[in-house]
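For clarity, chains are labelled A, B, C, D and E in written order, and residue numbers in each chain start from 1.
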């Protein structure tokens, strides 16, 4: 199952002591059920904040986040989330970390079936032989892959990924892109992907949203027109190259020209 | 001041319980004083391990790491290191985190001068207005930039960077590349850069080393022939494009074809 | 003036008045002594303090001293002046709970703290009075809860010091005419009570100090007997939260029952009767296995006692 | 030397050194038994009363363990409440601190008077009262300083606070929890003994200590104290075994 | 209600509720004073001896604080040694646990005999002995569970273990350290009072408690206990202020 996601006129600011830092400014965004939306934007503009709002971990100062038209007020178990910083629990082995959501979410699988599902995912991302290791024995990129598995294991309706491939080399990354697309073909879920890699956004998403600098507004939306069964080659088609160029340009505009400014 | 770095026939394995996982296998690598070497390779092949050996944080099982012909047995204060996971100390503000090395390393600057130097670096990476914030109030990419400043603040002879720009968007990243090259022009230091971004490796380094899959050996060494005063445009010259293509090919070979295997 | 540290058996209560009076009325000063007094936490507390030489002089239960010397025969400690000719060991019961005489104890509940000095002598008391221990239910209690338990009627009688337990019970609101005090010394128990003890190493090299000290104490006892209220006041001066009336009563009880006995009126303060002492040792043996047979010489000496003129109370 | 051997030998060596030092100290100062008995004096006392030692040690031990178990349950409950709610924390802390600053020796008679004759219950109660605070403090700190990154892993799935506590906060704070448990177990011993000494009822090592006191048997008194120390160490190793099982992951072996 | 007001009001409300409950309990059970005095009985006792309370409270307080300060120094030293060396940890832990399982009440007379007449020193010594263990445990755990990521930030610069301790390990473990300090401060109070009650020397709240005992003045005895609780709470707030200054960063406000 997948859900419609609506971000309606959402504004948010962080307050520390007397200071207030506006991060999102009247942001609008909809992701139709089963679609994948990628969000790109300059560092510190508010992308991770957007994922926290979408998942219900935080409530926006104003505006509303809706899932299937229903207002989100608290997190729900039908969401799978991979955080930017892939925190794994040191007292659990990798596979135990991955099955963790199955211990929270309601389902009618046995423990064994859960473990099997987790093992399958780990195999998919190339960690089959590291199932029973501790997180501290993994490299940075391996931890990120384990965290991705954890987001997927309970077959969420909405998948939120915050730079899930940032620590991976180009080839591992491209393999995972393809795996993600295969998964989407088999299981239907809606996706929200934060990324810095424009090729990644174009390859994986149906829609790419470019955010402006902080406070972030929706600066540009690109509808990806590549065919459904994409291969890495698809990124070298003139169509794709043009899309990438457009995105680069839009981001350059969004950036204005660097320099972080705190309120 | 800068130093010659030598990695001579270095092998290393991690041992947990009964299992032993060989990570580096008779690796050879030299970085002449003042030069920059980039290391690329598949996820989990042993790149971070290499940085820990080069900095003296770990001793290799066999082989030797030398700085200026002298064998490294323990860490030294003339090394600046940015870890893959940018850990900042939550009880210090950003600028206090950045001056931390100045509290350890011997020098004859006043506290104020140290703070000024830190502030200048923070400005350079676009964090001027976040000097006095706590690490938890920064976004992932901002933390990474602060961690980079911390590696630079004490003007190290050897700079070791483990994927320092992984969490940054393309434009912030390119700005920082240029800042790095400027710094190299002004202050002379030797550099060891781990990265997944081939363009980054070509732009920043004088030499790019491709590691094979675990256990990592030196699979290919590319001498970067771009001129000293590079601009982002330089990456679009036919020369650069060819180098990038060579690297891609070499990595594809290195990867064999995925699947992690533990001993 | 010579500084002398003196350690008591217990807190600053009425029965300690003689020592404070000896300070306040200048008896110690007259002997060229500057005495400081420290409180103690039980009738055997002072013994190791004196034996180690931490204090040259102390005040402690002689029965405990007997056992201490049996365990540590080398220890340089000895009693030099008997103060409680009759020990305050007593059973205090309530008439309303059926305790008016010794024989009433059979079939009743007796509250006794196991480490209590009075309880330690109970078997002797029972033996001398033909009490069947099997018919007495002994309830172990703690010191702090002993009197409250009796006041609440949870036990019918308790073992304790006559002057302490009796007055505590009065304080807790038990009518005085409801209380029965059975002083063990009045019922066949020959034991002596608390005595002044000295470190023998110290005493041997400073005999005149000890004698001077004991003279001053004798004077203090006589002062206290002459004006108990002043004696109590001397205690209260050192114990700011105290109550003069209460300590006066406590002092009076101690003087009447324990210190100024018939024997003392006849023979004066301080000395012991060797026949009674021998019997006391036999009685101790009822409850305690001696390592070696005790001798009076090792425990008590009258060598330091002042002239009998000083010791006579009338 | 292997890690394992080291782990077994080092405490033994430390204890032997300590005993030698103690023996030397007494010998050098020529202290009599009634000032401080030396280890060599204690053995005869132990041997003479070995049956009593075994019996009374068991009394003391089981009461301590029951009291400690109670302290864990109540301490964790307090810790959870105070850890999750800042208001509860500011409200309860002063009360608990005040309660704990009151010497338990003075509380013993009050308890003994309220629950007359319930000796086992009273002893367990005091052991519990004296030992639950460190556990409550450690759990509450573990919860209130839990990094949001950890918390959010489960919160993002709509997990309840209780689930977050069981799956994340408690395991993460286990090393501190076991540290608190070690402190609490020594306190529980003190509590048990307090009751046995202040409100004696003829059982437990406290009672044996009292017997030694009445008879001026100083080696026996010191032997009881050593027996208590040994029991404390036994309980400590029980805690260590639990810790190895549940929180072994936390220990970071330095690579240098 | 503002956060600030909440922080001030909530402990007051909790304490008032507690006092009301206590008053009710005594009233409902119709307990006599010697069983348990009620809060309303205590006030007259306080008032009557207000000067003594002030004077003795100061005696007790300063000795406790000195003892606690000593405990911090020694506890941190032990903690550092045990935290950095696994061998020292396995060697010292059993000894320390054994030492701490011995009731301090029985140690008091021994100390008093060894250092005759040094009342202040003895009292401080007992306060120290009873309170250093939690601090040692918390520091040693803080060090031995320090994540390598943190340690390496400084180690990579060739920093010494001591520097790593001061700059990273200690600050990082401050929340636990302050928790241990709160536990230790209540223990130090117990230690001071133990000395004042068991080996009285005419000063401190323990002495006033004894006076109350001699006179069977139960309200006074309970009033002393409450005074101790109040002192404990005062010291607690002193620790809290230090904690706010040094470890305020650690508290994570839940966003829910």
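One rule holds for everything that comes next: a contact is a pair of C-beta atoms (placed from the backbone, for glycine too) under 8 Å apart; a residue touches a chain by one contact, two chains touch by 3 or more.
Since the model is a prediction, treat every value here as computed from it, not as a measurement.
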Label-sorted list of chains bordering both subunit C and subunit D is E
I need the chain pair with the most C-beta contacts, please.
D-E
Inter-centroid spacing, subunit E versus subunit A (mean Cα positions, whole Å):
49
Separation of the C-alpha centres, subunit B versus subunit C, in whole Å, is 84
Hunt down the residues of subunit E that sit against at least two other chains at once, touch-wise.
34-35, 113, 148, 155, 250, 255-256
Subunit A: positions in contact with at least two other chains:
57, 74, 85, 134
Going by the touch rule set out above, which residues of subunit C reach two or more other chains?
48, 52, 144, 148, 152
Considering the complex alone, what residue numbers of subunit D touch subunit A?
149-150, 152-159, 163, 167-168, 171-172, 174, 247, 249-250
Which of the residues in subunit E end up touching subunit C in this complex?
32, 34-35, 49, 52, 109, 113, 116-117, 198-202, 208, 210-217, 220
Which of the residues in subunit A come into contact with subunit B in the complex?
14, 16, 21, 40-44, 47-48, 84-85, 126-130, 133-134, 137-142, 145, 163, 166-173, 175, 196-198, 248, 251-252, 255, 258-262
Touch list for subunit D against partner subunit E, complex:
6-7, 10-11, 13-15, 18, 35-36, 84, 86-88, 90-95, 97-107, 110, 113-114, 133-134, 137-138, 140-141, 144-148, 151, 155, 175-176, 179-180, 182-183, 185-187, 189-190, 193-194, 197, 209, 221, 225, 228-233, 235-237, 240, 250-256
Under the stated contact criterion, what part of subunit A meets subunit D in this complex?
55-57, 74-77, 79, 81, 83, 85, 87, 89-91, 100-101, 103-105, 134, 150, 154
